[in-house]
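Take this structure, written in structure tokens, and hold onto it; I'll ask about it next.
The first chain written gets the first letter, and so on, giving A, B, C and D; residue counts start at 1 in each chain.
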């Protein structure tokens, strides 16, 4: 197959990346948080800054308490960039640092970002984090930094990318093989590490994909759905007392 | 994970992986066009995956390490590994920072300042080794070979063999493989009930009703990744079945948070609850008749033995409502397969043995032992070293106090931080004239050493790992160096082999290996075919590419062999400190993030919020809101926690899911040393623990201390990621 | 000398008026140097603080997740607000031919220009990477990208640029004949400077007529610009989905708020100018009285808008909006109280009394109170609302740092310095406007009384 | 026009200045040739009459239209040239384009007004036109444009006759 044909074929494939997070499986263990740090060169900031809203986690596990002792419950919900289709963060950026790419991703172009932090204010999920200082990776911790991902400089907004470097890699491989990306071929770091397999990633435009099937679960809901942001992250409701037989 | 990981088996042949990767050098300040590829075959921008094994905790998961340009970039689970199936936990992910920690011991060091001052001077390996040999040989010459104490964690595979051989060659019986979260108690109890002295595997995946008595299997208990994965499947992988999960324990752990139902039982009364349930099951005839036949039991005799455990008194002792007890008893017996787990908060009580036996009896009663979805005792893993007993530890402390040890070698364990001071270990340990540490980081124990001969970190070493559980037969993960050693460190195995060679005596004969790798290869070959040859190069490369030997048999469902089992009454637990002066139980728990403190030096983990409290970078004490209110304590206040043994000052976390008569502190923080990210972060609560024991069985009761709380100030220096009030306002998100 | 003397406008009298009105331009005394030196030092300190922030990163300011905007944006909105009334009041008064406007105009217009300049620096200061400022500008470039005109921030930049240009021209336009006067009264380099600025103005009848036409036209044009500027500033907030910001009332509410704080600031400045340059004869109680009436009106309007805004939140009781509301009330109770007192409960009753409106100290007090209240209002719109956004888990807190406070104080100093310098170089009260008033003044006999009359064009 | 000169007479007050203007008209000078120079404005006709037509508003309007066009092209055109999706907003969004169009319309209208004003005034003019600093001090000047020679003398005569404090010729320092 000639290169041109493969290109055409590749372009014919529609991708719309999405994620399903099954809260009934999620145990709140935090493996995704560290995996994301490692994969995306997310810096750590230390105690003082963490305590003042400057932690850089791209994914965080929110823990909500319900009820009172002894009828108390803790609920975990991993919150990462919801990759909204109607992303409120995008149009407010004056320099197009935040825009929507053709595969439904909410792209953030670090080197265009001037740091108005407008996007962070307009993100209803507050998942955008800002480099308040130059990130520090004391030697030789810097040797761990992934060459596939930029290290962001101070004054720049950043957030979850759905591990776009992995998407790119898989698409390149697929293109060389003259095929579409297979279902399950791409796994963001969080989904890959998740011990209870609570995170499913895939192509929502493909009705045969796992993520598509799970996204139609009756347990589905999306975060603050009434805002109309149309997120690409779909949660499946977790259980509770009511589920015990 | 249904798909095959793309080309991770393209793991290039790596016979000498360690020697291949040479691009770690410094001084790449100029951009040099890439014309001639480097000899090692690494291509910039193209990463290689190397299979290895994780040693961050005893679970022994398999990992894949992504290496680009000679540097380790990312750790992922090995999908072929039967224990973790391609998944890996936060601690496993963070092993990268163990490798690249800025405060590693970069070459051998000799103490120059006062003992414990942490002042060292770098020396060469020659000097370091000769210092070690001098000590060893002097002692031996004087005929005091038994004055050598070797401290390690529970060892596995080749290392276990090596240390055992070394000690026997040298002539000292004093190899202490003890760490605080020991499995000894489980093993003893299992012998009593099931006739098997190993740790069973739990078939969570297939179970339909899970009952955990303080077993935090999703965070620290045995094999969290394995059980985490199985838990996910238990909940949602079966089309019409969602496994139910009830947790019994005084504090809601992360695991308990995933339960459908949390029963805050009185501390130390879990065994009573189990027996009460057993009685109800017997009363209602819901027990497994087949199982009773198997163990030749007599339900009527059992009933009689359980006469004290009527619903009313059990409800009173456990502090639970009778309806709750009946409902879980009925569910446990009728929703099959069911499974009861028992964990550290139950075991480490003065009646822990009784409780474990009671709970295992409960499993037995409804037929959960040796059944799919139940407790599996399989053929014991080959190469799992043994652990020392608590009694052994105590006798070692006595010996230390009598100055019976002149030389101590410490490998991969940090007893100065990790043992409760009430057993007097720390004081006694300071009396050892010469301490050699093999730590790759300047941890609390290394600070007290006279000589440090730094080991490689896991990602630079050869080694083998035998998983604790879940290895139904011969599963051995192989560690291989994925990068060149960063510093002038040496593999502990090689150092010990060199030491053995340098001994005056037969060291050479017993340990005739060229090097540690040689020894490892021979062992692997032995595992494959029992021969004593070195593994052939081809086999070896295949094993390395896979990440180890995974010859998984179908789980052998051993039905318990022990006959004449009968329920044993649960003794009343004893607690140190009287109720008036010390009104609260102290529940210490292994941190889901840094376990017992061995991972505290990794900044990713320090910055990863504790799942329940969302606290980062420190320790805290969890207090029920009602209790806190009555003591005038607010979120973040500095609180003094006092026991009969000592006191610590620690910030308060108002924790709605803990019994009002209990407070909890995580283990693992409060290091002195261990690098910049752990040093003096948080407090170490082990100093609070009273030396309570189950005297009958000589087992520790770490959960038997009572404490009191005093508010000191509002400056607790607590950092939580979740807003204290916002954490109660989940309804705003409509989740 | 007093303007109320009922003589004809003789050269002597003109001379006297000019003397009075250019008194601020007399050679500086040591006091002036002391004042400007001090202000200059404060500005330099602010610049150092900013330099430190650029060097270290924005982390030296108190912003965080979720409060991504703090004192800088509060200051920005505050200064844009101040800049409002200058030009707007001046334009409206010109158009309505309010005779008492004459001594106020110049000061108000100058305030606009300097306040908007100060305001304009804040978005720059608040940027994470201010050295990438060029990315904002629609300049063809190798990046092949343009700024995003869908972003309210870009509307902001455009509107503020237009407003800076427009209000500067408006100020200059009004000053043109005065520049000719000072040209004729000065010598040396100053004469050259003023000659350049006066552009050869002579004062022919034709020039005066064109000038009058242009002034009216500019007044007409500048009002919509002013309204648009503050509307757009409000849309920076209202265009978001942030509960508490996303509100249709924001644009008019902000415009009124801006006029409110602006009018108060004009009053404050009137008091200061009057005292500093001994212009008691020109800025008389009548001026304070009239400004007081305007302030009263605007205060009533502001209170009305505030009430409408609160009422809808309270009645609608949408959980997250209500949460923000309650949080503000609890955590910022004191500030909230101060704001409501300053903006409504003290101002409105007090300004109903003519005696208070005519009392200079009382007006100073009230105007300061209003501006403190309006500063708090901006703070309360930005900080508490950002503190408690949709996701309760990351609710947070905001504590301004020394860097932010320094820069904020430096902004006040910078404004004062610019104003001081302006007054030193240019007539701070419009001479030609004053003289025009005199020219048009006449007296008429009505019965037994002699009444002042004003001749108008129509 | 090269041989036309301007002659300026300075008067102490409005009445004498007005009388001088009146005298000039009586003396045969047209209103067009006479103008007043003063430091303050006087309503038209008080001293002299200015009969020129003004195009100022039209210039402003033209500026505004140009600005609107420019603003529209900038906002809509660049968005169209570089179509990047943001949120659910169309590439060429009506409201933002409207706002930018409005701002530029106002800017150009303002610039047009100021520019137009100077154009109509004939400024900037730094050539030595007849002027006297005394005007700034309250004197009112009546200037008349006349031919060399006889007409010039006549003008001087009339101006002087009306009680001028001073007479100045064009070019006189």
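A few points about this structure:
Methods note: a residue touches a chain if its C-beta (ideal position, glycine included) is under 8 Å from a C-beta of that chain, and two chains touch if they have at least 3 such contacts.
The model shown is predicted, which means the values in this text are computed figures rather than measured ones.
Between A-B and B-C, more C-beta contact pairs join the chains of A-B.
Distance from the chain A centre to the chain B centre is 31 Å, each centre being the mean of its Cα atoms.
If you average the Cα atoms of chain B and of chain C, the two centres end up 67 Å apart. Separating the centre of chain A from that of chain C, both taken as means of CA atoms, is a distance of 45 Å.
For the pair chain A and chain D, the distance between C-alpha centroids works out to 64 Å.
Annotation for chain C: residues touching 2 or more other chains are 145-146, 148, 150-151, 154, 390-394, 396. For chain A, residues touching at least two other chains, in rising order: 55, 60, 62-64, 88, 91, 93, 96, 224. Shown for chain B are the residues that touch two or more other chains, namely 721-722, 727-730, 733.
In terms of inter-chain touching, the protein chains here follow a pattern that is not a line, ring, star or complete graph. Only residues 12-14, 35-44, 47-50, 52, 54, 56-57, 60, 74-75, 78-79, 81-82, 84, 86, 89, 93, 96-97, 99-100, 102-104, 106-107, 109-111, 113-114, 116-118, 120-121, 123-127, 129, 131, 133-139, 143 of chain D touch chain C when the two sit together in their complex. Of all residues in chain A, only 22-25, 27-31, 33-35, 37-39, 44-48, 50-51, 55, 57, 60-70, 72-77, 138-148, 170, 173, 182-185, 187, 189, 192-198, 221, 223-226, 235, 237, 239-241, 243-245 touch chain B in the complex they form. By the touch criterion stated above, chain A contacts chain C in their complex at residues 49, 52-55, 60, 62-64, 79, 88, 91-96, 112-118, 120-122, 124-126, 128-134, 153-157, 224, 227, 229. Residues of chain C touching chain A in their complex: 56-59, 63-69, 123, 126-130, 132-133, 135-136, 143, 145-148, 150-154, 157, 236, 239-242, 386, 389-394, 396-397.
By the touch rule above, chain B contacts chain A in their complex via residues 1-3, 6, 24, 44-45, 68-69, 71-77, 84, 86-90, 92-94, 96-97, 99-102, 218-219, 224-225, 228-229, 231-233, 235-236, 242, 244, 252, 254-255, 257-258, 260-264, 331, 335, 486, 592-593, 603-609, 611-612, 614, 616-618, 624-626, 656-660, 681, 719-722, 727-730, 733-735.
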